[in-house]
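There are structures below to look over.
Look for chain A in each of the two complexes below; its partner is chain B in the first and chain C in the second.
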Partner chain A sequence: MSKKVSKPGSISRRRLLASAGAAIAASPLGANLLQAHAAPIKIGMSMPQTGGLAGGGKASLLGIEIWRDDVNAKGGLLGGRKVELVVYDDKSSASETPAIYSKLIDIDKVDLLFAPYATVPTAPIMPMVKQRGLLLIGNFSFQVNSKVGHDMWFNNAPWGPADSWATSYLDIGQKAGGKSMALLSADQEFAQNLAKTAREVATKRNLPIVFDQAYPPNTVEFSSIIRALKATKPDIVYVASYPPDSTGVLRAVNEIGIGDSVKVFGGGMVGLQFGAVMENMGSLLNGVVNYNTWLPEKSMYFEGTKEFFDKYTKRAVEAKIDPLGYYLAPFGYASGQLTEQAISAVGSLDQKALAKHLRENTHKTIVGPIAFSADGERKETAVLQAQFRGIVDKNIEQFRSAGKQVILFPDNLKSGELVAPFEAART
Partner chain B sequence: MFSLDLLLDAVVIGVLLGCFYGAVSLGLSVSFGLLDVPHVAHPAFLVLASYAVYFLNENYAVDPLVAGLLITPIFFLLGLAAYRLYYETFEKRGSDASVRGIAFFFGIAFIIEVLIILQFGVDQRSVTASYIGKAWRLSDIRVPYRLLVAFAVATALTMLLTLYLSRTFMGRAIRAVAQDQEALRLMGANPIKVKQWAFGIATAVLGIAGALLIIVAPVDPTLDRAYIGRTFCVVVMAGLGSLGGTLVAAIILGVAESIVLTLFGASWAPAISFAMLLGILAVRPQGLFGRRS
Partner chain C sequence: MKRNDIAFWIGAVVFLAAVLVMTQVVANQYPFFAGYVILQSIALAVAWSILGGYAGYVNFGTSAFYGVGVYASVFMVSAFGAPLPLQILTGAAVGALMGLALGLLTLRMQGIFFSIATIALTIVIETTITNWRYVGGAAGIQIQRPAVTSPFDSYVQMLFFVQAVLVVLAVAISRYIQNSWIGRGLQALRDDELAAECSGVPTLRLKLLACVISGALMCAIGAPAAMYLQYADPGSAFNLNYSVTTLAMSLIGGTAHWAGPIIGAILLGTTQQVLTVTISSEVNLLVLGLMLVLFVVGAPEGIVGLINKLRGHRKEGEI
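Let's turn to the complex of A and B:
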């Protein structure tokens, strides 16, 4: 009867909208819509994507990206905030990184910082990060915090104490009967750091150093150097070399020979961890005992490791990067896991609280449990020393099987015994 | 530690290494030495050739040296195009062409580097052949076969190129254009066409030199930077335009480097090589085999 009855008024429309809004917000779809509006957690970094470190940088970044996708698929962090990466190419150059990190902090206003891959691009940003009191998750740099002393630095690499690298290698050599050492190193920072600690450990142990040479970058031919090294008849040969040189050194060893006195050869050769380099070198690798960070031996699988490599292998082919990705990629993922666990435990992005959590706890990651000492490096070294065995030419798939790189150190991850002398292990 | 054995070994390896340096510098000896083109992209073309050889070796199992020969005509055409572009955009325009030319060739080098990265990725690449990774035993000395290959190819290449420049009509024309471009024009020949042809030859030589580069050691996209200094050093030390001199200068450099590496410590090798260059230029500004202008 009334004229007003059926006419939907403005109040009832509002009510309708309000109740519909409440219903949507209460539904799972609504929750997602609201979360989508929550600001993402921005993690900023530079990464070498061109230049000499690009091979490693790209693999490392893919590891971090896989973590980002995993964490976002689980709904993000801090009640639904997605993780977003802000990444710039630092061209493998130390001169690029200070400006990039200033931009990340002041203009992009990222919430957290990851360091670029490797020592050289990381070193120049350390003072700035310390001065600003920012948390920095390191990415495979070596001893960059030793002089800076930043208490909010945490390195994802398994290095541990500075001398543990040389100690483990010389232990293996001396157990095999080694009584003298030859040291061949690239004239570059990382290799020189390794050489320095090797010298110190050898001196402490009264192990005579019969040959000690640093070769310049861009050395083309190593025959002469290997001939001179061979003439000193060393028992242990410690080589700290960079990727192009590692191939040159091993080729020359194969051609010139190294002598029957040598018990172990290798130690700190960079490059022998990358799929393409290993495939190229093939049988030249046999017998070499060298450092590594992750290998497909039984002892190296932790929760999530296999799933990670399944995803990595697929994406690496598309991205034309290291198809194996053992050396860096899982540690990139682990950087993300460290951050994720700290944020979940603390419940905020408060950098001091995050640093405290990282320092005081042991963290479960796909590369095993990680605990930090006061300098932000691992409490205990988890650098592997492994011997190449039964490698054939031109076959990258062989490196996916266990037994091709037998882990000799550390004891808790060991998967076999050393075959010595070096010449015997090469056949 | 010094011994005659080591010295002898260092000299043998040095001569072979020097021949390899000679082979990778020959093209530059023509383009920079004879034509005065500031061809800083020379090592980038060299690395490009190495990747082409790698591609043929990896996908079609072609021997690296044969692959080097196969790509030679393509590199010849590439050289013709590169010179024409350089001439039209820089050389034609006047006196400061050489300075701007350096920028032009640096640009080309960077473009080549990026193209290689896009196509092959950043990893180092190497080739397989029966003579890589083995050595020839001569009493106590062991000589890697790959260096013997470099020696043979470098010697043959130098002889062929020298014969070409001295015995053929086009070769003599190239020498003439190097000496006096205007005179050539007055004789009714087009010096630009001659220079373009010579630049093509210089680039074609890089096909084989690129094969040697990847035979001797693995390559990566940025390797060209390591060879800019070395190749220019060889060509300047030899005296601009002297092909035989290029080989001799390269051998001197190789032997010096090898002796220093073996007997005095590896860190000194580059310093000694470049100190020798400075020393030679101080005594003979025209280089070892260059003619006094």
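Let's turn to the complex of A and C:
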């Protein structure tokens, strides 16, 4: 018995040696294929985890991580390859990202690239990915591809055409009888981009701009600015501000008032989408019409949306980040879904083929269907304009229920009508 | 002394030759991206220590000079499509003028008051650029690189070499100043400005000179960054981080000798690059903070000071 066993054993050992030799002699392609089958699909990105953009960056990353866990729980992609994320902190700075993305491409040899959250860290890597012909899934940057013209860029943000933001807000204002506009903007990248398009749209529509002021980013006291704005008696007030100033502006409006002439107030106030700021501002938010990306209104639930937020809410508590996470996290998940669908459809990681698929199809995601135009931005805007209603002080849970932020735009997601003028809507 | 000079210049030529060979041999791009940032740190720290180290005038305005260098390039590219050498020369010229203006306005202040004035300078210039729409204003500006010049294969390799040349230039100037009457005068006024003035050292003139040279170098070092990033925005270009890390590098290395900032910048710059791609979270800020505290407590005169001290002890022991 033992002899019998030992004989075949020795043969098999010989065979093993022979086959090992054959494998070494065989082309490296075979070995690579074997390796590739087992190797995970690496997705590389930098993400602001320190610095000014860290709050958003962490929430966005959690969204992507939830997608990774979901897709891996389903067995991975391309017949069992797990998804692995390679993430570095870019410290919210433009100067860090070129080296990080070079490391991701040249050293880590990742299979796919995601962009960091926001415009500033993304801008320096655009020429690099264009030059190397790499696919890049954008993450909430604004018009970063307009000058570069990379045909393998796809932004997950709902922005759409550059002027659609101002167009939708001014539509609401003009429908409410607005005949003049006041523009108040922070001297920062995003706010200035918004202000620029608002000016252009207003000029096109012959809407007089009665007040146009930019203020330095660190301004905390807005009463003099609001007084000056009020004195011009505008109908539409378009504010493009950043989190600390958004609260400052609203406090000043609360103290001084804005006048009965104002039909709508808000538009581009960053910060009023974040749980902590919303809880802090409480009833001061009432009446403000502001942009948003996702809200818990009935029209916003698509396949998988509810399940996503169930998971997010649990994990956000552990990770100590925005407990609501409406603004960025579901779009991080959607980035993953875009990639997942493209890879499944193409059946490989060929960047050109993936880009072609992304460009030519409409993709189902938890934030609704996404289709891209030639510049890699959304074909149609899905930026919401919503009005805060019936908000009470110091209660973050209220923002989880429908009806607290009524969607006025776009029409297919609308969940209510505007209450105007602004002073009437505040109470 | 002369033998030292020869050794220094041979070292510089070998360094530049090694960098050039590296750009021709290494195909992987990452070492150039990361190396560029480290070389930039070295050059900035050396330039900073001309005023901050030799003269003891702690300048928090590194980011102002650096940012002006970046925007000088942006302006030259937007307006005239200027090539890289012209961008750097413009940066140096603007930096020299800015250094002169800063010196005239603030050098009558001493100690902490001078430092505060330099922080104010950063804020004033950043606000100005933020409101200057031609160079992108607050929204930032994307710029296109021209085609790369041979013998380099990629623009980043070329920038890496250019930054290495700037490092050699900065070190050569710093070394010359240290060993000349300018350096001796600056050291005298650092120890006691009044005594130096009484002994006939032209303190204001020397300080102005240091300001001009340091400013010109820092702006010249910032100039290629516009092409490195192909993007400029005031928040990144005038980031206070440049001021803080440059200061930290000089302090860790030691400010009394020209080699101090080089050692400090290599150590801290490399650590920062490594931490960015390893720990890569809030923890790397903690590591940097701890390093600073350790050096300030353990080696108040920097690594160069520590080495000198150890050497001194050994000599005493030997005797």
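Basically, the second predicted complex is superposed on the first by the 390 of 427 C-alpha atoms of A that agree within 3 Å, B and C clash if a C-alpha of one lies under 4 Å from a C-alpha of the other, contacts with A are read in each partner's own complex, and residues count from 1 in each chain.
Following the convention adopted for this analysis, a contact is a pair of C-beta atoms (placed from the backbone, for glycine too) under 8 Å apart; a residue touches a chain by one contact, two chains touch by 3 or more.
Quick caveat, the model's predicted, so the values are computed rather than measured.
After superposition on chain A, the partners chain B and chain C are seen to fit next to each other with no clash.
Once the two complexes are laid over each other on the shared chain, residue contacts for A:P216 go to chain B and to chain C alike. Looking at the shared chain after the overlay, A:D89 reaches chain C, while chain B stays out of its contact range.
In the superposed model, A:I100 makes contact with chain C only, not with chain B.
Residue contacts after overlaying the shared chain place A:R227 against chain B, while chain C stays out of touching range.
In the overlay built on the shared chain, the residue A:D187 is in contact with chain B and with chain C. In the superposition on chain A, A:K196 makes contact with chain C only, not with chain B. When the two complexes are overlaid on their common chain A, residue A:A123 makes contact with chain C while staying clear of chain B. Residue contacts after overlaying the shared chain place A:G55 against chain B, while chain C stays out of touching range. When the shared chain is aligned, chain C comes close enough to touch A:K147, but chain B does not.
Closest CA pair between chain B and chain C after superposition: 5 Å apart. Overlap of the chain B and chain C interfaces on chain A comprises residues 50, 187, 214, 216-217.
Against chain C, the residues of chain A that register as touching in their complex are 49-50, 87-89, 91, 93-96, 98-100, 102-103, 105-107, 119-120, 123-124, 126-127, 144, 147-148, 186-189, 191-193, 196, 214, 216-217. By the touch rule above, chain B contacts chain A in their complex via residues 1, 3, 5-6, 9-10, 13-14, 17, 20, 114, 117, 121-126, 128, 132-135, 142, 144-145, 147, 216-218, 220, 222-223, 226, 258-259, 261-263, 265-267, 269-270.
Chain C contributes residues 28-30, 32-34, 36-37, 127, 130-131, 137-140, 142, 144-145, 156, 225, 228-231, 233, 235-236, 239, 241, 273, 276-277, 280-282, 284-285 to its touches with chain A in the complex. Across the interface of their complex, chain B is touched by residues 50-52, 54-55, 58, 187, 213-221, 223-225, 227-228, 231-232, 243-244, 247-248, 251-252, 254-257, 271, 274, 276-277, 280, 284, 320-322, 393-394 of chain A.
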